[in-house]
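In what follows, subunit A forms one complex with subunit B and a second complex with subunit C.
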Partner chain A sequence: MKYERMPNTLRVIYSAFRMAMLYWMADPQWIIPNVIAPFVFTTVALTLFNAYGGSSGPFGLYAVLGGGMMGMWGNTIYSSGFAISFEKWQGTLEEVMAAPSKFIHVIAGRSISNALFGLTNMVAVFIVGIFVFKISLGISDPVLFTISLLLTLFSVSALGLIFASAFVLSRSAQTLTNGLETPLYIISGSMFPIALLPFWSHPFAYILGPTWGIDAIRLTTSQQYASQTFWAGMGTSSALFLDLTVMILITAAYVAIATVLFKMVETRARTMGTLVEA
Partner chain B sequence: MNNLRVFVSSAVFSFRAQFNWLSPSMWLTMKFVLSFSQMAFFVFVGIFSGGGASAVSFIAIGNAMQSLSWNTVFSVVQITGQDKGDGTLPLVLATPANRLPLFIGRAMVHVLDGLVSVAISFAFAAFVFGVNFAHADPFALAVTVLLTSFTMAGFGLLIGGFSFHFRNPIVFANIFTFVLLIFCGVNFPVAALPRLAQPISYVFPLTYGINAARQAINGSSLLSISPILAEQIVVGLLSIAMGYLLFESFERSARKTGKMEAQ
Partner chain C sequence: MGSNFMSELGSQGASSSGKAIVAEHLCKIFEITKGMVRRKKSQVIALKDVSFEVDYGELFGLVGPNGAGKTTTIKILTTMLIPTSGRAAVLGYDSQKDVTRIREKIGIVLGGERGLYTRVSAVDNLRYFADLYGVPRNIQDKRIKELLEFMGLSDKAHSRVETYSKGMKQRLHLARGLINDPEIIFLDEPTVGLDPEIAIETRSMIKGLVEKGKTILLTTHYMFEADVLCKRVAIIRNGDVVALDTPSGLKKYVMETSVVEVEGFGITEKEVARFREMKDIISVSADLGENKQVLKIQTPKGSEIISEVQEVLKDSHIYDIKIKEPTLEDAYLKLVAT
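Then we have the complex of A and B:
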């Protein structure tokens, strides 16, 4: 489809996506702060698994896939905060808000590009896992693996939209992202089953789309893996279908919530005139 | 007297300057949330991988000690980034003040801030993860934490001095705050690293600090851990000296080429 012929919404999302990609390529060293935490956390986890549990079995699977997942998480959360702060520092946030395109579509394009860049971390983690820690990682169903990964990427991006709407009005967006990063790694069960967490934290895990996404990704990777969500005990295909369905519903809810929040933020900013000073 | 004034001013200003990017309420949130969540993450990974109570204790103490690196490495390197980003570097270099107290002073309040981080993290270790402090030698532990904070601030100055030569010091702040988790025996013993990587661990003052802290918590006296602390002091002082030399070389190069922020 030619750029000019794209529907308006898609064109805005694509332009924002392309712009964010160009930013990253112009200054690629910014990838480092975004991916260093998941990369280091995975290396530490793999060493711990080696020390206590051996390099085979579910540990390697958790560490490598979890590390990749954390890369997507980290990049999206960090970048959602940074994108807004960057606009504030450069004094361009007013222009973006004043443009006739919807602000949420601009942020959506960026959010998708951020999550996609987070996949670079997954590649790095895979390389370290396979070549340094000798993890044997076969993908039992490559098609479903790709579908699960892409849907999870969209889910993370949609959550990034909600964060971004809050960051527009906060002076401490970047700091908030630093504070949120590790708690989200824990609650979503990126690196260990959520059953290990206290029971009161489970509802928080279940409202995160990526919790279901990482379960689906693990199901498509190993036939030995048993679902860790509500579908524990079900067959792989049923559990996978239910994981993906729940994630899609949650992602749709994120988009709906983000749309309302962006509307509120935009109205508040226009009424109060506190976009940059906030 | 003048040098002391420069030292104190540099210490106070550098600490206050961090609130340009960090609001006081968020500073408190970070103190509690960041230290707790990192500790919890690795404790759960340790439990999942089959480690028992001793592994939980090992990991919790390691992460409690590592929490000070957010103050002594990340925040100290961030000063360099702020100077470059906010355009205050030419003013710093134009001042006739003695460079040594000016340079070292930058890290000093962060040493105290690091002590607060460790105290909070130890509280989490004891009350949330059940680490037993009953046999600890409080004096040995206090001296260990103080020395670790001071020497790690020295390491922060080394990375800060190094990153003067680059456009985005924040990149180095991130890298060196996190790699400590791999090399310093935070979550697993240094011996678990590949043999070739183990010497790298002893470049970081934190490695000695964590080792000494674990021994102090198990009841070792200050005298018995003093050889470890002596090595830590040597590494910390070397870090400060090398950081200062890097800072001076940057200043010379900046005066010669007229480039500061753009390097």
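Then we have the complex of A and C:
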């Protein structure tokens, strides 16, 4: 779509996305959380998997995709909140919120850029898995793999928006996201199959969009995985379709919740004057 | 700025009727909660009762000491804060109900070096805010070019803002505030912390905008700035408007007084305190520099007070004593002190 013809909402999201990308490029410290950390994490995980049954087959797949998801996940959850703290540090939060555009669209653009940047560490993780541990990912359908990955990226970004709303009001919101990053990552089954987790955690897993996203991604990479999915017995195509449908519905719910939350916190910030807190 | 942009500016605002800004009995009380377990609530009254109106094309000044309520007032008028009570209207729109309509038509420039994306260029900053204000791309290119020319930033348009001087950043702030070609511009202490030369330059730019028909609400700490620029000035103290008039009208509050300006060396807070205790002294402002100290003593006694001044400062070196006509600053000091 040509920039001139974009609806205003998309233009604001794109503009915020572009500004975030310009900043990422201007500040290469993103290499540490985006490339080095997942690289180390995956190496450790694959070494452990190797020691307990070999890095081939589904274990290797879990480690590689899990490491990649970790990057995307962590980057989005952390950075969506950071996007607002960043505006506060720059002193631009008031200017941005005083503009007629909806603030949620600005943060959505930043959130998507963060998730996309998170993909860079997925690439780093794939390189470790493929070249160092000789894991064959065997992507059976590259198109569906890409679609699943991109939809997961949007789902993670939408979840990031919900967390971001807390940052409009409070400096201590960082504690919330720091504390939730790892539990959410584990519960979503990014690294271990949900079946291995305690039963009580399953409802939490099923309300997380990325749970279905990682399920869909695995289905596009391994035929063997069809028997382990939530939709076992339905066939790979049907399971993939259901995974993506559920994820889209959950993502839409996240966006709706985030929209309501942003409206609430903006009104609260305008009443309490909490925007000025840096 | 290019002639096209200036003519575009001139066509705005003046044709509308009524008042550009109306503030009616604005009150703002902030609730503050402290403690995690035993939560203690307290209240801070930022505005008690602030009322004023601003005409289209007027440069209106809001002055007052720190914490008087200037910024709170601006934030209510720019829809960034909801008043506890009272009503604010900008361009005829209600500041609580018509938030988007007001935001589309106003520009805000908050003082200081912050408020810009420093790791990207001026063009990137302006383009970003142009998008947030919904300025169409075909207009954006032209306007950004003209604004950068007007602000004298064309040569560094593509350099990172972090390489800019304070003055350049302030000019970029102004450019950003004009990116949507606003009908009203809110300037919150636009010259604070600037070198005198750059402050003069900024003031001349502000004057230029008024000459082209823009309505401006300016807050400042500098009385001479308000005197030079503003058609009318409201003095706020502790959340109340204590006076509202033209600068010459405000000076009438101190017409019967004169100001004794003393320059010297060795003058300390002790002497300043003694002056403040003296009868017939309305106000004392002191600039106690390391190499030179300047006192401005407002008094109805005029030159008769000189002998008393010399007595208080007998242990200091007096370089010069002048009797001056009262200024807006003197009026301000009197109004804020009483």
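Simple rule for what comes next: the second predicted complex is superposed on the first by the 261 of 278 C-alpha atoms of A that agree within 3 Å, B and C clash if a C-alpha of one lies under 4 Å from a C-alpha of the other, contacts with A are read in each partner's own complex, and residues count from 1 in each chain.
Following the convention adopted for this analysis, a contact is a pair of C-beta atoms (placed from the backbone, for glycine too) under 8 Å apart; a residue touches a chain by one contact, two chains touch by 3 or more.
These numbers were taken from a predicted model, which means no experiment stands behind them.
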item: Combined model on subunit A where subunit B meets subunit C, clash or fit; value: fit
item: First (subunit B), second (subunit C), both or neither touched by A:Met97; value: second
item: Partner chain in contact with A:Pro142 - subunit B first, subunit C second, else both or neither; value: neither
item: Partner chain in contact with A:Val44 - subunit B first, subunit C second, else both or neither; value: first
item: Contacts of A:Gly235 with subunit B and subunit C, given as first, second, both or neither; value: neither
item: First, second, both or neither for A:Met19, with subunit B first and subunit C second; value: second
item: Subunit C versus subunit B - closest C-alpha approach in the superposed model, Å; value: 8
item: Common interface positions of subunit A, toward subunit B and toward subunit C; value: 27
item: Subunit C-facing residues of subunit A, complex; value: 3-4, 8, 11-12, 14-16, 18-19, 22-23, 26-27, 90-92, 94-101, 106, 267, 270-273, 275
item: Residue ranges of subunit C touching subunit A (in the complex, touch as defined); value: 28, 30-31, 46, 72, 75, 78-82, 100, 103-104, 108, 110, 112, 114-120, 124, 127-129, 131-134, 136-138, 160, 176
item: List of subunit B residues in touch with subunit A within their complex; value: 21-23, 26, 29-30, 33-34, 37-38, 40-42, 44-51, 55, 168, 170-171, 174-175, 178-179, 181-182, 186-188, 192-193
item: In the complex with subunit B, residue positions of subunit A that touch it; value: 27, 29-30, 32-33, 36-37, 40-41, 43-45, 47-53, 59, 62, 171-172, 174-176, 178-179, 182-183, 185-186, 191-193, 196-197
